[in-house]
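What follows is a set of structures to go through.
Look at the two complexes coming up: chain A is in both, with chain B in one and chain C in the other.
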Partner chain A sequence: MLSFTLRRLGAGALLLVVISALAYVLMFASGTNIARNILGETATEDQVALKQQQLGLDQPLWQRYLGWAGSALTGSLGRSWFGSEPVAQTIATRLPVTLTLVLTAIVLTAIIALALGVLAATKRGWVDKLLQVSVVVGDAIPGFVLAIILAFVFAIQFKLFPAVSTITPNAPASAWLLSLTLPVLAIVINAVTSSAQQIRSAVIRQYERDSIRTLRSRGLGEGEILFKHVLRGASPAGLTVLSLQFIGMLGGAVIIEKLFAIPGIGNLAVTATQLGDVPVVMGVVLYTVVIVVIVNLLVDLLNGWLNPKVRVA
Partner chain B sequence: MKFRKIVTGISVTAVAALALVGCAPGGSGDGSASADQTLTIGALADITDWDPAQAHVGHALQPYQAPYDTLILREPDGKLSPMLATKWSYDDSLTKLTVDLRDDVTFSDGAKFDADAVVANFTHFQKENGRQAAQLVNLDKAVATDEDTVEVTLKQPDPAFTYFLSQAAGLMGSPKALDGDAIGSDPVGTGPYVMDKKASVAGSQYVFTKRKGYWNPDLQKFGGVTFKILIDVTARTNALVSGQVNATLLDARSASQADGAGFTLTKSQVDWGGLLLLDREGKLAPALGDVRVRQAINYALDRKALVKSLQVGYGTATAQPFGPASGAYDKSLDDAYPYDPAKAKKLLAEAGYADGFTLTVPGIASFEAIYAAVGQQLSEVGITLKADPVPDQEIVNKIAGGSFPAAYFQLFQGEAWVAINQIISTNALYNSFDSMTPELQELIDEVQAAPTAKEGDAAAKKINELVVDQAWFAPLYRLDQLYYTDKTVTVVAQTQMAVPSIYNYAPAGAK
Partner chain C sequence: MTSATRSAGQTGEVVRPNTLRRLLRNPLGLISIIVLGVLLILAIIGPWIAPYSQTHADIAASLAGPSADHLLGTDSPGRDVLSRLLFGTQLTIFSGLLCAAVAIAIGLPSGLLAGYYGGWFDSVAGWAGNMLMSLPGIVVLLAVRAALGPSVWISMIIFGVLLSPGYFRLTRTAVQSVRNELYVDAARVAGLSDGRIIARHIFSVVRAPIIIQTAIVTGVAISIQAGLQFLGLGDPGEASWGAMVNEGFKNIYVAPGLIVPPIVMIGLTIGALVLLANALRDALEDGQKVSRKRRLTDIATGAVTMAMPVVKTGGSAERTAAPARGKRAAATVEAGTEHHLVKVTGLGVGYPQADGSTKHVVDDVSFHVDRGEVLGIVGESGSGKSQTAFSILGLLPDNAEIIAGSIQFDGKYTVEPGDTKVDQARVRPLRGKRIAYIPQEPMSNLDPNFTIGHQLARPLRVVMGMSKAAAKARAIELLGLVGIVDPARTYDLHPHEISGGMAQRVLIAGAISCEPDLIIADEPTTALDVTVQAEVLDLLRGLQKRIGMGIVLVTHNFGVVADLADRVLVMQAGHVVESGDVRQILRDPQNPYTRILLSAMLEGKEPMTMLTEVGRERAGARA
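== the complex of A and B ==
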């Protein structure tokens, strides 16, 4: 298990190098004159040239990347080109907000999707059909449309929740709960339908196995069969779906954060990319890759713990 | 048993959520004015750096007005009035500006505001090379001749220099704070409000409270001002309608929701949209080298129909690039090219393009509907409009770099001298093929050297007439900015700013 973990961490580090290099190159590949974008249309050519020099844009691309990577290795992600705050600090204030949003959404998705998936797989009949229809409807409505509908109904019409975030670091838990309810719902509705469908299929596949039939013939109760055998067998598929949902949510949070004005990392990523704020974009890329690597590793370890058959040496 | 636990857990969470619903925010006020009433503004963009040298223009300038005063105050109608500077005057060469300052002002860190502080700010602004560095490009040196007088020497006459002192270049930060990094997140100025660092969250909201002992209490109309960063227009609309902000800028699509909910609309015009017919020598598109073709494009456009279809009626059709507040404006030029497709065809035929030609412009994703509508009108006289996709962040470089013979763009309508250096002079970014005629250059020189604003405006008007006659552009409309406020607040639009200056807001019912 230790060597597996170390191998995965090694692969994660390699992934980090490849993706950061790619992202860095892509930021400049379009030939965008970032110094001009910063200084605006009224700046003279001399001022633009000076800005390029101030930002180190007059150096070759590889040299700039190595400079950035070297600093990143020592723990410094530099400062925003449009602000004075260190990038690490900017991300540190925003990451908890996004993680709270996404983690709450994924926990709720896991609970609801598991309940619905198991219910549909065990009861079949109209419950199953209802789930199938919900999947089609849930998948067909984009998250941002759901978000707009939820905000209109629950924030504007009924005034039950704030329409835009009131989250601040010192805000009471109630502000966090109220501000995150609608965004989480918008994410969860989409995620639940497709996850429940996958869990349902995995559970049904388990029920169709000969071993389960044998257990039944031995007189084991349905509850024991479900919790001890079926769910354990279905867990790899379920966990993989949820891990993919989690990673997808990190991307999907961009739009939700924008619509609800949540000061998270998604909003930061969009603004920084539009401005061409390379240090911030690279910081966001770095953190996102690390999160994805950790989530995937955790899912693999959890799978091995739940189901020794898939355990890797 | 396990199921029961889960169900119990979910129930507890749901009850907790419902209980908290009772704490959900309601409206932001009942319409009564009070001295301590606070103002919450839905701001369009984040302020990533509060250093005055990094300040921007328009809606991005507004938040800086809370902690910082400018040397000169720009009134809502554009008139320049004293603020930190009590008076200012040029010498005959128009390159020496003497500025007299108030002597009773302090910064929020206790430092005294004086001539040395002004010099320090100018030096810092130039050194930092920030987002509006161009505003001080003509500043040669500034010298404190006594405690409350600064003598500014310019490299050449700059008719917009005093205007710039009411903008980013005029924001005064405490000299003690300018050299450190802290000012980036903790502004220190002489302004009417001070930042409440504890309540402010970068990227989300910036909270300011009234500064005690401020030198001009008349400008402190609220107990505090909060800027809530709402980049998305749907978020701004929802925040306004649900009562989380008192005032914000919306667009034509979201306006009906605010109108329906009874919010007050204040309209102003800041930008114009239209075709920049850049290749006036016909280097990339030979047809554009002929003035008759450029005029034909102007006659082919049914501007009023475009205002209706593209801007939902929120705009004014115009054929001139200068705005009403610029001094170069001539109302009659709005109708310089009435919709006349027959005349357009005739002019094209005379120029040898009876069968039309293809005009290629950079294609920006958000302007797709505009290309379709304008392209359809041009196609009726035989011109094919082709939009080659260009990513948003490259658009300015592509247009300025001369990669396209023409472009549809929406540009700020500033003061005459600002506009001339934006779209007409050979220094202008949007004169990408360096078009110029001796007559035009003479007029530009005249504006620059005009001893009075009146004389400058007269020459600028002639420039406007000339570029309209020569069809350097095919403007379509001036766009309405739709600024909404709730019942607790009144506001006056600010010339050439999409959002008003913070001095223009007042509690409803206040005198």
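== the complex of A and C ==
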């Protein structure tokens, strides 16, 4: 189990290095005019050269990446080119908001999708038909369109929830609850049908196994078979589905946060992208990849714990 | 698909009907194709038929409603909505297709190489694919936008790279399955090179999944680019649906109608793509259902291939003609038959087919087994012998139907005349306690996630009401009884840690654990090595003598029957062709089919057993 964990950790670290290097090279290889972008068209050549020197843009790319990576290891991600705030600090104040949003959404998605998927797989009938139809409908409506519709109906028409988030780090819980209800709903609705559909197929596949028939032949009840054997067997597939959904939600949250003006890292990323604030964008990319690595590692460990065969593989 | 065509030649049935025809017959499939066709035409000619250029602004006509000049009105700078919608259609459709094209261009060849050559390329490509798939697309696209500018074409190329693992996996799996089939069929294929066969097979296997994947990918691409444009990250110089949604959202109080046209276009396009993917998947699965079933029988049957008769029954006419089942008051069994342990009378089992007919797998089968007696049911795979056995256990697949006959156990009906399903309420209390089951394939019949001990002890606790400690002690005792050397250690092992022969002993221990009156043994030795086979047969014989239970022994091997059975029933294509005392049938078989089965054994080479054993052993190892 230890070497299994270490191997997964190593793979995660490698992913982190590869992605951050790729992103860094991508951003800076094309960024010959970064200094001019910041200073505007009216700046003189001397001013641009000076700015380039200040930002360290005159050094070779690999040297700059190593410098960036070195300070990233010590927790410093540099300063924003526009606000001069330390990037790590900016992200630290915004990350909890995004995590609250996405974690709430994934927990709700997991519960609803599991219930729906198991129900559709065991009962079939109208529950199953309803799920099949809603999967197609859910797939056909992009998340942000759904969010717009929700905002329009519940925030603008009925004024049940604020259309613009009132979240600040010190806001009362009620403000968080009211501000996050619609965004969470938008994310959950978008994710839940396809997750339920995949959990349904995983459960059906388990029921088709020979070992389930043998357990039935031994006189075990349907409840024990479903909750112990079928669900345990379907859990790796279910966890994979949910981890992919979670990663998708990190992306989806970018649009949702912008739409509802939620002060999370997605919103930050959009603003930074529009400005061309490369250190901030790099920071967001790095944090996202770290979250992805952690989630994948957790899923792998859970799978190893649930499935004795994985541990030796 | 080689085996599908092969068996089609033998059975004379239609090969797989055309997938495209199925697709067009599905109304949703047809509609989605028409919608996508119209969108594609609009995308091509849109800029020519648009009344204005996409940037032409008429400030005087800001946020105007629909009029003769502006059929869909104007936005806040006074730009014509219809024109922008048409320009946006071209941008959206073409860039969405570009994304899919990039994904195919990367995923397809790499999947082919990885599937064909395997090795390091496969590992590296697989790792790279996992990496790409574990990144949130939008965040990557934000970084790309920050680095390379707002062009939708660039972001769609990058997004295509991110989505390429989908095609990679699909192609890789297809290539591998075709390759595996090739190894099996290698002897039959002379003259053609692997590469050419693969190219041909791959094309036919991968074509439809690629279209499905492309519909999905294009939909996702359109959705994500509209999202980015909605955020204001698109190219401001180009009209796009997402930017129009943004414009509509900003002016939602002033001009609520403005948001509708782009949302309708987005919903319509992605909806049509999703429906197309769904309809195509359905068409494909319908086609596969037929050929997969046929393929299974075909492979398993080996030497003697016999097509199952598909009997067209007049819908449910036969069933309604049968005496209607009364309320719960169970009918009493025929007088004078109560003493039989199990009695099957005129049993028929069938599977309803998509075209309304019923495929009969068991027809008019009758037999009985008394206490302490061993009945062998002999026949090749697909003769209906296992289906008969599962009917007694009440463990037929969900879609199976009892189409005729009755089953009684110890003087009570478990299937009354006229029943269409086995009544679980009647069979469940019997299972484990009075009727037990020894399966064919040892490995797949143990749950890999639980220890051997757990799987033995749980039924003892549930069925016999034993305490935890008593159940454990009894389970260990049982493991010793079936000849496992170190029962206490084996108790704590997981199924993947023991051999196939041991697993079969564990399953036998499980079957006898509650001292049942009847054991249904479905090919209990087929999946085992020849030496282990003899040991397991000895074990069964010994246990049968000691506990005095009845056994229904399902097998295709007359050797096993001769070893164990008192009476024998020979089945072919769902019917009983011969039955009687085992010595009499061995000495003087009446039916030609019985003679074929017998001669296969008497020559002492067991051709079917050896072949299928190798295949099953390998399948077991893989599973």
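Following the convention adopted for this analysis, the second predicted complex is superposed on the first by the 308 of 313 C-alpha atoms of A that agree within 3 Å, B and C clash if a C-alpha of one lies under 4 Å from a C-alpha of the other, contacts with A are read in each partner's own complex, and residues count from 1 in each chain.
Note that a residue touches a chain if its C-beta (ideal position, glycine included) is under 8 Å from a C-beta of that chain, and two chains touch if they have at least 3 such contacts.
What you see is a predicted model, and the numbers here were worked out from it, not measured in a lab.
Once the complexes are laid over each other on chain A, chain B and chain C cannot both fit and instead clash.
Within the superposed three-chain model, A:G276 lies in touch with chain B and with chain C [touch as defined at top]. In the superposition on chain A, A:K258 makes contact with both chain B and chain C.
Of the two partner chains, chain B is the only one that A:I38 touches; chain C does not reach it. After overlaying the two complexes on the shared chain, residue contacts for A:V18 are found with chain C alone; chain B is out of touch.
Of the two partner chains placed by the overlay, neither chain B nor chain C lies in contact with A:A49. When the two complexes are overlaid on their common chain A, residue A:I156 makes contact with chain B and with chain C alike. In the overlay built on the shared chain, the residue A:I111 is in contact with chain B alone; chain C does not reach it.
In the superposition on chain A, A:T168 makes contact with chain B only, while chain C stays out of contact range. By the touch criterion defined above, A:I148 reaches both chain B and chain C. Once both structures are laid onto chain A, the chain B stretch out of 109-117, 289-297, 307-315 or 379-387 that overlaps chain C is 307-315. Residues 30-31, 148, 152, 156, 258, 274, 276 of chain A contact both chain B in one complex and chain C in the other. Residues 2, 6, 10, 16-17, 20-21, 23-26, 45-46, 48-49, 51, 54, 56-57, 129-135, 137, 181, 183-185, 198-199, 201-205, 228-232, 234-235, 238-239, 241-244, 391-394, 396-397, 400, 418, 421-422, 427, 429-430 of chain B are the ones that touch chain A when the two sit in their complex. Across the complex, chain B is touched by residues 30-33, 36-44, 47, 50-51, 54, 80, 82-85, 90, 93-94, 111, 115, 148, 151-152, 155-156, 159-170, 174, 177-178, 181, 227, 258-261, 263, 267-268, 271, 274, 276 of chain A. Put simply, chain A touches chain C in their complex at residues 15, 18-19, 23, 26-31, 136, 139-145, 148, 152, 156, 209-221, 224, 228-229, 232-233, 244, 247-248, 250-252, 254-255, 258, 269-270, 272-274, 276-278, 281-282, 284-285, 288-289, 292, 296, 306-309, 312.
For chain C in complex with chain A, the touching residues are 131, 133-140, 142-148, 219, 223, 226-227, 230-233, 245, 249, 252, 259, 263, 266-267, 270-271, 274-275, 278, 393, 395, 428-429, 431-433, 435-437, 439, 441, 444-450, 455, 458-459, 462-463, 494, 496, 507, 510-511, 513-514.
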